[in-house]
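Below are the structure tokens for one structure; questions will follow.
By written order: A, B and C. Residues from 1 in each chain.
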């Protein structure tokens, strides 16, 4: 019995998304499952963006907060640090201060922060709301306008607030993240609703909702695999958007990134554990299909980049 | 096809309120309507009914059978409520059906009750924890339930296997697996095992305007594979059931077949 | 091709003799179809049927076990490429590499690290599964003595003995044959001698050939030499080679039933950079590795890899369950609200996230409903008023709180009266139907 290479050829492919104006970053565009170069062309590396906030990261655990000591008190310094010192290829600015339970800053405040950060860096910017559906519907349009024509990604549009956010992304020439609640059918439905508003399906990024290693990762992992298979085998144009893994905010809520070794000696070094937790969460989603990741710890990013080098 | 009318369920607000107030009016009205629409059995779903389940089931059975000469499908996880209902069931209108036993030890006692009262029984092919992944796993559970039926002395002809229809909105891959299971279940015995589904669960959680479409087309696929019985909205399914009977040669065609 | 239970049943004696331990031939056939039992359990089946059924019921990837006793490692038997299609069966094993050139104290500390690696996580005991002893010295006597020393120090840990020298292999395997080690190192130039050692001592053989063409031909050759338990190494060492070879192997075995590649895979991923090695191990877990050979076992790394392996090898049909207990969110006082939900992990994670989101400290009572969601478990009679009342009483939460108010999910609003009847002195409040209504709900009360 001789071996015949069991290749797959797919009818569909993933859209390629390009962001930024001065420096441009691309992701997606492939026509096969992640890294299987015998089945199709590998178009781009997965893109990793560094996450920063408009307010100091008081809610981040020490393991990752201390890395940004001295720069994180203001988003401009923080963004420059990521770009210039860490070599960030993209920066994700989370407007957490706008959340009603945080500083409840205004859409105008948010717009100013966006303008300041854009003026300070040349890498592409991802502009994220505070994940309060109601407030995001006010903040993101203002932020999108402040970044007009800068080819950013705006996010996240959810079922509860997508209309105004979609309109703002469209009017100001941005890409858009659509997020649904960890359910492939809801994800497809939201993408349909957004494209029915006239938003170009090739400018969309799908966030099927992230989760952390040990805390529901298996759900996100399988939803991503299923979305990728639908894109490739069923040529489903509503599932061919690149996938986002918004890893940092889920990972750094876990006990594993916070519990000191002294309390749990069996868990080993806290610093290494936290980095590993973020890095493995991100790597699993990348293997499942995520082309775009938002992360926090430079060591996790650095290790993942090395890993991608080996995979390409 | 045996049509089991699903409308008397505690999930429906109007029915629940009537059950709470012991108001016979709405119950009897719905039961009568279901008979006219083509139901052969009336499902009485009282939920887990921990409190006063016996009394409630007896009230339901007698209330329905006061106006409708049909057997009842006694639908609850509460075994003593089932037994109470069977005690007052008017067998003159046909043999009662119990919904249901399964491969979960908590549900075994129901089998004994079915034998004692000469009732027919639905066997839901699920066990403890976890859903069966495919037709093979459902059949394996079915075989265990069949084995237990034989031990208890329940004739296999009185057992209806239910593969458990899941919501298409959340478990799309199971939709086709259930169709395949209907075919496989029949092969488990000679004469073929009887099968039943709770049809409308396929469209549970879907927008209202899609529900009849999903229910009717799914019904047609299942009927083609030989489904014996279905718990359905008789009104919704009647034209489909009649049309399938014509297509499959079970009834003679006439221009007015839908009105018959 | 796989046969259905009914097709298998037709070939059985149909005597329902129960000698196989199943009540009927049909029940036995169902187990055979699901590959949960061997046809050998039926004493009366005809030889011709046995041959057909033996072939048909053989899993596409051969089951291979190494090690003895409770800690033996099962591999193979996988049938699918994606975990959402069907549960991945036998989790990838981690094997720590130990060089036979290392000093005694280095060896001791590594063996110690493996022996004490066990961690309890969500009810499962997880550990570094095995030790691979590498014959780096190229000295047969040295190899044998190190293998013996390790086996003596940690008699329960399954071993992989890695050498390409048949003499070293013979000496070492013979010394620990009763522990059923894997002998790794058969290649084109030593095939006959290595197969002979494996055959003599009845151990599985680790085979190496560079590339899948050569590997497929080589497993056939080894099989021809009388060894049927193998683990395969295609020579893949980089991440790209590993994901590609492992995927092609799994595809060929499961989709094409290509028997020459139907064996478990061993991947060597040792790196000086521990973080990178951790990522390579993660790749092995997600992409079809049966044994992952690593160079270090730091505790933080073990924990992260165990968690990933547990996630990937969870049965997607069996909802992940959370332990039944009262969880504290934030720092609740005796006055803080008490909420209840089911132990379906996704329900739990979402409720937990939303409740934390509200920043209102509270207690979350998570009840064992066999992992079913709120409505499903209610309908199945597992989330009922009396069971909820019993759980609240048994949980001891009454000693922790000063009030007697329970907030139930909006979907089971109809239970409120009945719970109050069964929990005298308690007030039941109906919460929102969806968890995303919790922040508003909790804050309005705070």
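To be clear about the criterion, contacts are C-beta pairs under 8 Å (C-beta built on N, C-alpha and C of every residue); 3 or more make two chains touch, one makes a residue touch a chain.
What you are looking at is a predicted structure, and each value in this text was computed from that prediction instead of being measured.
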- [ ] Select the chain whose centre, defined as the mean of its C-alpha atoms, is least distant from the mean of all protein C-alpha atoms.
- [x] C
Task: Centroid-based (C-alpha) most distant chain relative to chain A - done: B
TODO: Using the touch rule from the top, point out the two chains with the most contacting C-beta pairs.
DONE: A-C
Open item on the list: Nearest whole angstrom, what separates the Cα centre of chain A from the Cα centre of chain C?
Closed with: 30
Task: Between chain B and chain A, distance of the C-alpha-averaged centres to the nearest whole Å - done: 47
Task: Gap in Å, rounded to a whole number, between the CA centres of chain C and chain B - done: 38
Task: chain B - residues contacting chain C, complex - done: 10, 16, 47-48, 50-51, 77-78, 106, 128-134, 136-137, 139-140, 143-144, 146-147, 150-151, 184, 187-188
TODO: Mind listing the chain A positions that touch chain B in their complex?
DONE: 183, 185
TODO: Would you mind writing out the residues of chain A in touch with chain C in their complex?
DONE: 1-6, 8, 33-38, 101, 181-182, 211, 213-219, 221-222, 225-226, 229, 253, 256, 265-270, 272-273, 275-277, 279-280, 283-284, 287-288, 299, 303-304, 306-307, 310-312
Task: In the complex, chain C residues that touch chain B - done: 4-6, 23-24, 26-27, 30-31, 33-34, 86-87, 315, 317-319, 321, 370-371, 378-381, 384-386, 414, 418, 421
Task: Residues on chain B engaged by chain A in the complex (per definition of touch) - done: 169-170, 172
